[in-house]
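One structure below.
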Amino acid sequence: MRIVVDLLQALLLILVAPLVRGVVARLKARLQNRRGASVWRPYSDLLKLFRKEELVPPTSSAVFRIAPVVLFAAVVCVTAFVPVVRSSALIDWQGDFFVLVYVLALGRFFLSLGALDGGSAFGGMGASREALVSSLAEAPFLLGLTAIAILASRADIVGIVAWTLKQDFFNISTVHLLAFGALAMVALAETGRMPVDNPTTHLELTMIHEGMVLEYSGPSLALIEWASAIKLHLVIALLIAFFVPWGMSAGDSWTSLALAVLFYALKLAVCAVLLSIIESAVAKLRMYLVPDFLGVAAALSALAVIFTIWVKR
Amino acid sequence: MLLLLPLAIPVLGAGLILCFHNPRAATRAALGLGAVEIALLGVLVWQVHERGALHEGRYLRADGLSSLFLLVIAVVSALVLVYASGYLRHMGEGRFSSPRWFYALVFLFLFTMISVCVSANLGLLWIMMEGTTLASALLVGFYNTEGAVEAGWKYLIVCTVGIAFALFGTIVLYIAAVRAGMSPASALDWVSLMDAAPRAGFDPHLMRLAFVFVIVGYGTKIGFVPMHSWLPDAHAEAPTPISALLSAVLLTCAMYAVMRYDAIVSRAAGPLFSHSLLLSFGLASMIIAGLLILVQRNLKRLLAYSSIEHMGIIAIGLGLGGPLGLFGALLHTFNHAVAKSLLFFGAGNVRLNLNTLHVDSIRGLSRSMPQLSAALVIGALAIVGLPPFSLFVSEFGILSEAFAQAHYVVAILFLIMLSIVFGGFAFHFLGMLSGEPNRSPENARLVPSEYTTMACAALCLLVFGARIPHGFAVLLQEAMAVLK
Amino acid sequence: MGIWLASKEICDEKSEMQLLSIKTGFVFLLASLGLVAPIALLVSHAKTVRVVASCLVIASNVVGCFVAVLCFWQQSTAIVDFSRFSPFPLALGIDRLSALFLLLICSVAAPVSIFAVSYFDEHYGEQRRRSMWAFFSLFLSSMVVVVTATTGFAFLIGWELMTLLSAGLILIEGDSAERRHNVFIYLLMMHAGAAAVVASFFLFLPHSHSLDFVAIRTASTGVPAGVKTVILLLAFVGFGTKAGIIPLHLWLPRAHPIAPSPVSALMSGVMLKTAVYGFVRFSFDFLAGSPPWFAYLVLLAGAVSGLLGVLYAIAEHDLKRLLAYHSVENIGIIFLGLGTSLLFLAHRAPLWAALALIAALLHTLNHALFKSLLFLGAGAISRATNTVDLEELGGLQNRMPITGTAFLIGCCSIVGLPLFNGFISEWLTFRSFLAGSVLTGTRAQILLPLMVGVLALIGGLAAACFVKVFGVAFLGRSRSAEAEHAVEVPPSMQVAMIFLATICLFIGILPGFLLRPLVSLVQLLIPSAGVPEETLSIGQVIPWTAATVVGISAVVALFKRRERLTRTWACGLPGLSSRMQYTSTGFSKPIRYVFARVYRPDRKVEQRPGDQPYFPVSISYRSVRTTSYEKALYRPFVELIVSLAHRVRRLQTGNIQIYLLYIFLALVLLLAFLRFRP
Amino acid sequence: MGLIGIATAKILSSFSVFLFLTIILLAVARRISTSVLLFGLQSAVITADVIATAFQEKLPEVYVVGVLVFAIKVMVIPRALFVLTKRLKTVRDVQASTTPTQSVFIVAAIIYLSYAAVHSYAGAIHVSDDALAAAVSVILTGSFLMVSRKKALMQMLGLLVLENGIFLAALITTFGMPLVIEIGIFFDILMGLLLMGIFTFRISDTFEHLDVSKLRRLRG
């Protein structure tokens, strides 16, 4: 039973991901006074791409073909770490958030290699910038998680979530606030959203993530797009689980689970709205301001760690 | 008889060799006489081991310590004679500078050094020590060039003055002994002095005074800083085999004299004073010579400064005393003698073939003269005290003693200076050995006499580094027993 | 403290046979490595030399592996005593710590020597090949001696020889003025470091009366605290110099790149580790911990080395130098682990100390494996293209698929990606940092968790760096004709790389089998430590994670895809040339820009002709890192000594009267001393 | 007692004054020949002292030593040095680095210092202050001459003066060393002088001067 629920949680993260993307796109369109495409549009895009033939540069090697697969597998693997509707996950053990971060890094590593394998200037540009962003994002990401882990005296995501569930919502600590700020900023950077990267850009010179996937087409592109949708969803789910887990089902009964799903949908919707507002309101940062952005995140997360001394007792 | 023969042969031999006007005949005669002499020394060493200390009249005596130094003399002079037989091939016939004169003087020089080691009487010791200066001064000035004459003059004057002070020290010791009631006949006899020292009531003040004069005097010959000034000049300007002899044996013989005095004074007036003097001279020599090695550009002068540094090491070993310090110091005299001979031979061949000793103008030896550079590498590694060569072992012993006695300042300075010396040697030798040769040597191959001597020396360093042969270890023990 | 005691108890009759086989194997290892040198130098028949030398080296390493495995997993202790043959006690022995490092040496050396067979054959003529083999085998045996020594004498012999022989190997490769200078710096720094090691050994002497490890261990409790501090500091400086801790790393990026690739692999992969061994031996085994401030010092040094190491690495485009700087980085990570462990030990938290020590030791082993793999890869690249300059490479993956794949595994491992071995140790390090929060009321409570950020930054930058390395060297288009026509290396070289890559993967996926003996080892070093549960859990979980990732990848990859080869999109222009790709320098530009303060670059743009700003014939751009430790740290010191030497030299005036005056002054001074002596 | 006895006592009590005189004159001497003459005089004073000592202490060995001193240091060496100066045809000036006035002051200081230095020892070994101080100041003056005179010949002379001082010290404290040793020492001195003579010839052949302070090719 537990395994089924955990599996379903993971599937939820994977399958709903394009929808989240669609919703955010739609909301953004609305905020910009456009009608926007259907929220199901990402699904049809994926389907279309999966059916297309793939164009491969002649100079490229096997790495070009493997990269999207590894990226996708890594992201899917990570979904098994995150509790969504109840505080449990498929893979659940002490210290797993380091693994989570690093499995994501595995995917990104390969995607960057794939980008370089295209042999074009844009792939290199995207990979180079991605290298900068991700190398600087990793530290605040892990530090933010560390702060919360110290507070909960646990190092497993599920344990932290279970601990948070027991806390009083209104008794929020400074550490949580700081860590949330840091992790939210990191989340924007990790998922390639504004103000770090513009996912909808068509101007090559401003691209980061889009620059990397410029050479990809067909099923490979579909895998990459899907993976980045899952990643977006995943990161939102992670933030929800860490900072507002309340509403998760405590038992295994279907009703409580259904209620939890409902709560989750609600929280997800709020997040989507917030994200679209941020993305509409904020301009993309210049490339060399990104380190400052991440620097602020790092400072916040470091402060969060330092504040644990006084909060923990 | 056994003591007289090794003394008689060099003197007679010197005269004999002078009769051979043909250089080749002179060389052959010298080699033959040398073989006999070395065999006799071997027998003598063996007999001392078998029968204990040997006497010959009141003035000659050989004990364990002498036999160790005799062994050093035998080994080095064997190497030097064989090496010189090839080295002198370029030398013409001139007034006082022909092979026959060379060998004659070498034998005289050997005679004085051997007699230093077998003197039972401190006065005789002094006379013979002065004799070494006189016998070798002409050898230093052998080439009769401007440099050689200058070096020879400085050597003669500086050492004679130094030695004069040693004479004064000897006299002071004599006064102390006579005042303490010893008969004038035995007051300079080392054994009687050693016997009397603990109980005869020597005036400790006079003993210390005597030691000050002796260490300054014989220290001039050893090359202790600041009395070392003659040493680089003499070593650099002398013919290479003589440089090897000076560095490997002459300095060692002077050190032998200091050891004898140190033993008496330690017994009579407590070891603190003499040992601290030895330590300070040792450290000063190590530091100054080590620094000079860094900036020295002439290969033979470089080696000369290294000799000063090693005499400093030996002095530190003696000054520390203790079983390991003494062991290290005695072993180091032997090791240094062999390693320094090897290096001087190498330097001699560099000079023969490239006609220069300037470190900056020697390049790419490893390409142009691989055998020679192998010898130089081994010599350099050994002299800076790296394993697997034997100097590592002796320096390890001395360091152990320094740390075990908690002489931390000495030990740390010792280590720092070893590193600096290493830096100097590494810098100069890397420069000379590697790279493209900038001039082609006139005769790249070593002649057999050269490479056999170098190979023997290198092998000796390696063997002693891996394991001290049993016989030698026994010899060391006997030598240490004499000094205790 | 207890290693030898505990192991002696184990040696009952049952393990008698085993002990015998271990001893035989060990003696065989040393003897055959020692035999290679005379054979290589003296036997005249060239082919025999080649066959015998390579076979002996490889066989001895394989045997060494078995010996190490037996000792490491079964915990047997063997001692081979040569004291009868040497002037000072000289004995070799294998306890568990030694066994770990012996395993490290042999398991790296075996493939490296396989690689070396073809490498030496192709790169050197008859004469140099002989000396290469001789030095190579002696270098290996010196390292074996270092890690198995049980007396200070033996250790120091091995320690000095290791430096010398590696310098010899570098010089056989070539001896231009620049190399000579680098070798000189290498030798000098190593000698100074060795002096510190010598001193730290000898400082035990007044208390232990012998340099036997057992005696040192027993005496260490009686050593006064001040002396202990000095010993620790000296050991840290001495071993830190060898390990390449910043700012003592100066020699490392100079010496490693100029060695032949198999030797670089050994130097970077193995020789640096002997320093880690020495440091662990001193701080954990002999002294059983340190005061907290020392732990902080180690931690700080580790953090600085890690960060600066990786930052300097990113700015490099010479592959071997880049890898050398990564050695600095990884040594930094290892010392982060060691410092953490010492800190826990100082605060009496043995369990966590054990965890951090396991992390450090495992990272030591891992780094040896992947760094030698990467250096072998660099060797393969240089064989195929005659260069290791990244700007001249590109597109090698299609031409050298096996090398490329192995190299990729190496890259993933060094970055610390999951499924590869580097991750396991980095994860353990992360976990021990996290555990720092249990040390309430100490500075470590914040400092250790903050180190998570430092290590994450190091990891992130390393990832960026190796994306660059692999992407620029192996992917995309070739940037030079040599890279265009590169061919795969011969099978023996492939075998070597595949072997190392397999071990990396194996440890990365099934770490449990290695962690169990590591735990027992650490329990001996830190007596009251239990079994950290992390070591168990990661062994169980990582395989599942791996299975998930691999399974999903396999499933996804199974979908057959239609492919069509087309030219890369070039914005509508006729075509791309290789010069349009991102270069290594271009790739690292953003990071160099962000960390400009670390590099303090000196940029220079030269344009020709200078008077036409818009139509130059050529533009050259040069950006040189100016942060230099020589200038800030070493130069003043060196200049002081040299100026002192020059001043001393002036004392030797050449005037005999002055010389005589020196003698008289010395005499007068001594007489005055005698007169006014206290 | 008799006349000889009185003479002996006079010699023994006053020889130090003569020695002081010789060394002061040595300090101001400007010509090499004068210096050699002064050295001969000094040796003669010492010979007288040796003979007087031998007579007073009734030591037959010491007579032999006295004869040797007379033969070598008063007869042979000064003559050889004269011959040498003539043969070498160099300028006759001693070429001092100090003016005669400075030299006198330095020698005076040396004499004073010698008294100060020997004071603590002289009592201990039952020797008169004067005699011991004379010996020490002769040694020191020899050293001073070596350091301050640039001519090679003057260095030899300085060495001889130094040697004289040491000999004197041995004589007055212990009535000389054993005879064999003394003979050896004399032999050494002779040989040393012979060698130095050879070298002075070589120097003048090679460099065409005898100024040792200009021999500075080897340094550093």
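Going in written order, the chains are labelled A, B, C and D, and every chain counts its residues from 1.
One rule holds in what follows: a residue touches a chain if its C-beta (ideal position, glycine included) is under 8 Å from a C-beta of that chain, and two chains touch if they have at least 3 such contacts.
Keep in mind it's a predicted model, so treat the numbers as computed, not measured.
> Where the centre means the average of the CA atoms, what chain is farthest from chain B?
A
> Report the chain ID whose CA centroid sits closest to the centroid of the full protein CA set.
That would be chain C.
> Would you mind telling me which chain pair, B-D or C-D, is linked by more contacting C-beta pairs?
If we tally the contacting C-beta pairs, B-D comes out ahead.
> Centroid from C-alpha atoms only, then distance chain B to chain D, rounded to Å. What do you get?
The mean C-alpha positions of chain B and chain D differ by 32 Å.
> Please compute the C-alpha centroid of chain A, do the same for chain D, then give the distance between them in whole Å.
Chain A and chain D have C-alpha centres separated by 102 Å.
> Calculate how many whole Å lie between the centre of chain C and the centre of chain D, each centre taken as the average of the chain's C-alpha atoms.
Between these chains, centre-to-centre, one finds 70 Å.
> Could you please state the distance in Å, as a whole number, between where the Cα atoms of chain A are centred and where those of chain C are centred?
Centre-to-centre distance between chain A and chain C: 36 Å.
> Give the residues of chain D touching no fewer than two other chains, as numbers and ranges.
143, 146, 155, 212, 215, 217-218, 220
> Residues of chain B that touch two or more other chains: which are they?
In chain B, the residues touching two or more other chains are 153-154, 157, 161, 209, 232, 295-296.
> Which positions in chain A touch two or more other chains at once?
Touching at least two other chains: none.
> On the basis of the stated criterion, which chains touch which? Give every pair.
Pairs flagged as touching, ordered by label: A-C, B-C, B-D, C-D.
> Taking the complex as given, what residues does chain C use to touch chain B?
It is residues 85-88, 153, 156-157, 160-161, 164, 171, 175-177, 179-180, 183-184, 187-188, 191-192, 195, 198-199, 202-203, 205-206, 209, 211, 641-642, 644-646, 648-649, 651-652, 656, 658-660, 662-663, 665-667, 670-671, 674 of chain C that touch chain B.
> Within their complex, state which residues of chain D touch chain B.
Touching chain B from chain D are residues 121, 124-125, 139, 143, 146, 152, 155, 159, 162-163, 166, 169-170, 173-174, 177-178, 180-181, 184-185, 187-188, 191-192, 195-196, 198-199, 202-203, 206-207, 212, 215, 217-218, 220.
> Tell me, which parts of chain B touch chain C in their complex?
Touching chain C: residues 153-154, 157-158, 161-162, 165, 208-209, 212-213, 215-216, 220, 226-227, 229-230, 232, 277, 288, 291-292, 294-296, 331, 364, 366, 381, 386-388, 392-393, 396-397, 399-400, 402-406, 411-412, 415-416, 418-420, 422-423, 426-427, 430-431, 433-435, 466-468, 473 of chain B.
> Which residues of chain D touch chain C in their complex?
Per the touch definition, chain D meets chain C at residues 97, 117, 120, 143, 146-148, 150, 155, 212-213, 215-220.
> Could you pull out which chain A residues touch chain C in their complex?
Chain A reaches chain C through residues 53-66, 69-70, 72-74, 76-77, 80, 91, 93-96, 98-99, 101-103, 105-106, 108-109, 112-113, 115-121, 123-125, 127-129, 131-132, 134-143, 146-147, 149-150, 153, 155, 204, 214-215, 218-220, 223, 287-288, 291, 298, 301-302, 305-306, 308-309, 312.
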